[in-house]
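The chains carry the letters A, B, C and D, assigned in the order they are written, with residues numbered from 1 in each.
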Amino acid sequence: MGAKEFAGVFPYLVSPVDSDGKVKEAVLKSLVDHLIKKGVHGLTPLGSTGEFAYLTWPQRQRVVEVVVEAAGGRVPVVAGVAHTSIPEAVRQAKEMEKIGVDGILAIMDTYFPVPPDGVAAYFRGIAEAVSRPVVLYTNPTFSATNLSPEVIEALAATPNIRYLKDASANTGNLLTLMNRLEGKMKIFSASAHIPLAVMMFGGVGWMAGPSCVVPAESVKLYELARERRWEEAIIAQKRLWGINWVFQKYALAPCIKACLELQGFPVGAPIPPLQPLKGQALKEIEEVLKSLGALKV
Amino acid sequence: MGAKEFAGVFPYLVSPVDSDGKVKEAVLKSLVDHLIKKGVHGLTPLGSTGEFAYLTWPQRQRVVEVVVEAAGGRVPVVAGVAHTSIPEAVRQAKEMEKIGVDGILAIMDTYFPVPPDGVAAYFRGIAEAVSRPVVLYTNPTFSATNLSPEVIEALAATPNIRYLKDASANTGNLLTLMNRLEGKMKIFSASAHIPLAVMMFGGVGWMAGPSCVVPAESVKLYELARERRWEEAIIAQKRLWGINWVFQKYALAPCIKACLELQGFPVGAPIPPLQPLKGQALKEIEEVLKSLGALKV
Amino acid sequence: MGAKEFAGVFPYLVSPVDSDGKVKEAVLKSLVDHLIKKGVHGLTPLGSTGEFAYLTWPQRQRVVEVVVEAAGGRVPVVAGVAHTSIPEAVRQAKEMEKIGVDGILAIMDTYFPVPPDGVAAYFRGIAEAVSRPVVLYTNPTFSATNLSPEVIEALAATPNIRYLKDASANTGNLLTLMNRLEGKMKIFSASAHIPLAVMMFGGVGWMAGPSCVVPAESVKLYELARERRWEEAIIAQKRLWGINWVFQKYALAPCIKACLELQGFPVGAPIPPLQPLKGQALKEIEEVLKSLGALKV
Amino acid sequence: MGAKEFAGVFPYLVSPVDSDGKVKEAVLKSLVDHLIKKGVHGLTPLGSTGEFAYLTWPQRQRVVEVVVEAAGGRVPVVAGVAHTSIPEAVRQAKEMEKIGVDGILAIMDTYFPVPPDGVAAYFRGIAEAVSRPVVLYTNPTFSATNLSPEVIEALAATPNIRYLKDASANTGNLLTLMNRLEGKMKIFSASAHIPLAVMMFGGVGWMAGPSCVVPAESVKLYELARERRWEEAIIAQKRLWGINWVFQKYALAPCIKACLELQGFPVGAPIPPLQPLKGQALKEIEEVLKSLGALKV
């Protein structure tokens, strides 16, 4: 798969794990198969939605093995790698490559503030350890990494750092980056941005949790944007945004798992110490899915 | 002017004040005249760019008098009103109405955190004291006011609260608001958003400092968006965004004043304790103006 | 009074205002008289507890006039002055001096971030406009002013900037400041610090809202600390801290007003948009006052 | 060692690692031996100062093995355990117990915000998996864990959760906790607090990086506080605080490593992506050590 450029809708997969810590392989496989049949262009296990922070290393490994196997080369798999330590992140990336992923989503966990040189060293370390393309993941909400425009631009010189996925919610800053990186790095939106707004200014797609739940509608929106049919895309985007409006009120990963349970995928509860949604939140989730026709009645 | 709906490009005016604290009336008048001739649809004195926080009340009053007089009814004037205290904000709003403004931009300063009921009481207090339309201004960066979607929606029931101007930089949240407020309140973008992204989803224009410096280009972009000529609008927006990219690195008000000085409007230095731009910042400002053709050589 | 150094317990006074915006003079006078009889060493109207941010200028003026008159020279009155604008703060300080205050508590409101030179100019501007001693007020929680150790040390060169009152809650940083400022500026604690911990390392007293409610106990603690009777002071401080523990859960100004009402001072409700305490909060307030013997049964 | 209560000065040890990632065992052993000879009452590997976040698991394991062996039962060793995942933290704690530590310092890493029930489950999970005493570590600066007073109080019911080490810098909040937890949990200060202020109100000692560098002076201060010789303790504390004043300007772990290098312990550079101190910072570090007599000339 490695030769083809990444573009389109890459759902962030949830990590279904039972109460004994075992990866629920059957449901993960059926979810992968379902998403591919609905037309998604790639799959991203171990992003934020994948609760990577709450998984042990063997669980992370198993999740990615199952996804790679279930995808069977039909779409590229871009797996998350995340740590504070450079050697540990490098080790993870190498193991992911051995499992057979098509790309690495590089996430930098933080504890102490890290100076710009240290941030660059972290991402460069991962990229130089693997041969697959690397997607930089900036997420100022959950990880305090200071990935400044200057550092991102410097990282663009590393040949296989080819994509940026920004979860900052500040679309203006992202346009600034897109203007600066034109021709050097391709941009994916995260669910914190309005995907259509990013596509409009040159983005190549989105990597986001909600697309797990509304894959067909997401693919449709992507196609409209790619064909530059803006009037139809605007209507589709406004309608689809209803789901983000609810998700942003509650915790993202528990929301996606709750939605998938409602849709008939028994992915189970969020991984402790995260807690499942209750009462009013569940009701709102159900209503918004119904309003989008994403729930069989 | 009151009968017409507000829409289009409303530059946030700077407040030119000399070192003795006197409003520089001649340059303010000539700036107003220049902007109207370039086609702007309204004028907004005493927004953030207008350094309202650093002006005394008599200075604020004089700035608005000069603007109203210079505009001479050619475009609507929407003046900023800002305080922590309800009676003081009400007093300001009434005096602004006497001066002859066409609308009030209502800003809530904060000191202690204020509960939602208190926030609603502040804005309702202003609106009920005047007969002109009121624009709610949300600015979580500089003012800690918690204008939640629920409070905004409740305020929409006050007849003359008719517009919302959001300076949050989070376009996703703004789309959520736009979806909820459809038919109840009209939305203006601030310079923290990409104006075209807001227009696309139903916004009616933007109130922003940068339009002081690139009025013709801003009006052109607005017209393209209004006529739904998206392909041309995208190109115009990407080009125009270069100016925000520089402004966001430095303080906004000092940037706009520096630009206007370069363009031949002697608006003077930022008002103390704000400090003027120096060295590298000034160079970058000059370069970006040149690249946009906004500087006579 | 000006000749004597400020030291000891300076309660931050509440601002009793009725629903028409009139200062409730009788209750304010009786509170001032009560506090002086309980032994407090000074009075501070228009601090945070005084809800200065929610008062109009005429209300601020009237509050200070009443306090100065009621104090009648028995203890020094140090009045708060607060604005974003230098000329406006200077004007306020001059008017306060005319009313007859013994010192100025200088507070810097913020809107835009202000560079260090601008911060220094603000405080120096106030100090040079008056002949009374000035107390610098640092409050990073409610005002984003960057009063760095370097700026504070530079300000110590202005002859009448003689005191610092820190509301940062970070006692370690305050000790750093105390070490640096030894012999140049005297330090008052705010209610965010444990007063005894500040006294121990060289502080000269505290300016704080809770002392309005437990004046005799506060004076007793101060005397123990001044006489270096640490063992008794520790016991007194631990006991007295119970009140801060409750106040910090709820908003400070509404708490103090609620306490005074319970103690028989009809100071009224917090000033809108602030909201009065209710239910559980009121109960906790009552219990803690009882436990300290600060409520007649 | 398990039978004795923890109390006194527990230096946070640095983790000396060479450029190949190998633990520098000789220097770590000699540091441990030196600190014990200087009188410290315990040792804490893998705290923040120990750069735990930048170590792989085998490195963490090796650091603790070396410390336990070098301590040889002379003082208790309390090792840090830190993760986002409950099973992973439990695994770490069990392995630490096997290595022979005397206590566990339980740190909760965060990614998503975790609700209070999840936070309690994390710490309870660790405590129930081991038989050694557990020290709760609250660090709102570097880890967003919401360890509210209510959750801490609930955790006190778990028999071996016996200590709390707070790194919040807010000594007032810590006194509130101390009042609530009296008789249920013992309190250690972190370097963000003034140790003497915590001891005064009932603390039993401190766990802090700076004590690595000034062990004898720290032990002396502890003895003065324990013997309630407050006047001498105040002088000692004010003097010793000079070192925190410098450390807080720069990154803590790089500072401690730089100090130890100056003192003749070749502990090496901070672990990437952290960066070593340079220029001015190094000079200030050297000066403060000299001023405290902590540097042989």
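We adopt the following convention: a residue touches a chain if its C-beta (ideal position, glycine included) is under 8 Å from a C-beta of that chain, and two chains touch if they have at least 3 such contacts.
What you see is a predicted model; the values in this text were computed from it and never measured.
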Geometric centre distance via CA averages, chain D-chain A, whole Å: 36
Centroid spacing, where centroids are CA-atom means, of chain A and chain C in whole angstrom: 50
Multi-partner residues of chain C (at least 2 other chains): none
Chain contact graph, described as a line, ring, star, complete graph or other shape: ring
Pairs of chains found to touch, sorted by chain label: A-B, A-D, B-C, C-D
Contact footprint of chain D on chain C as seen in their complex: 169-173, 175-176, 179, 192-194, 196-197, 200-202, 228, 230-231, 234, 237-238, 241-242, 244-245, 248
Chain C contact footprint on chain B (complex, rising order): 21, 48, 51-56, 84-88, 91, 109-115, 117-119, 121-122, 142-143, 251-253, 271-275
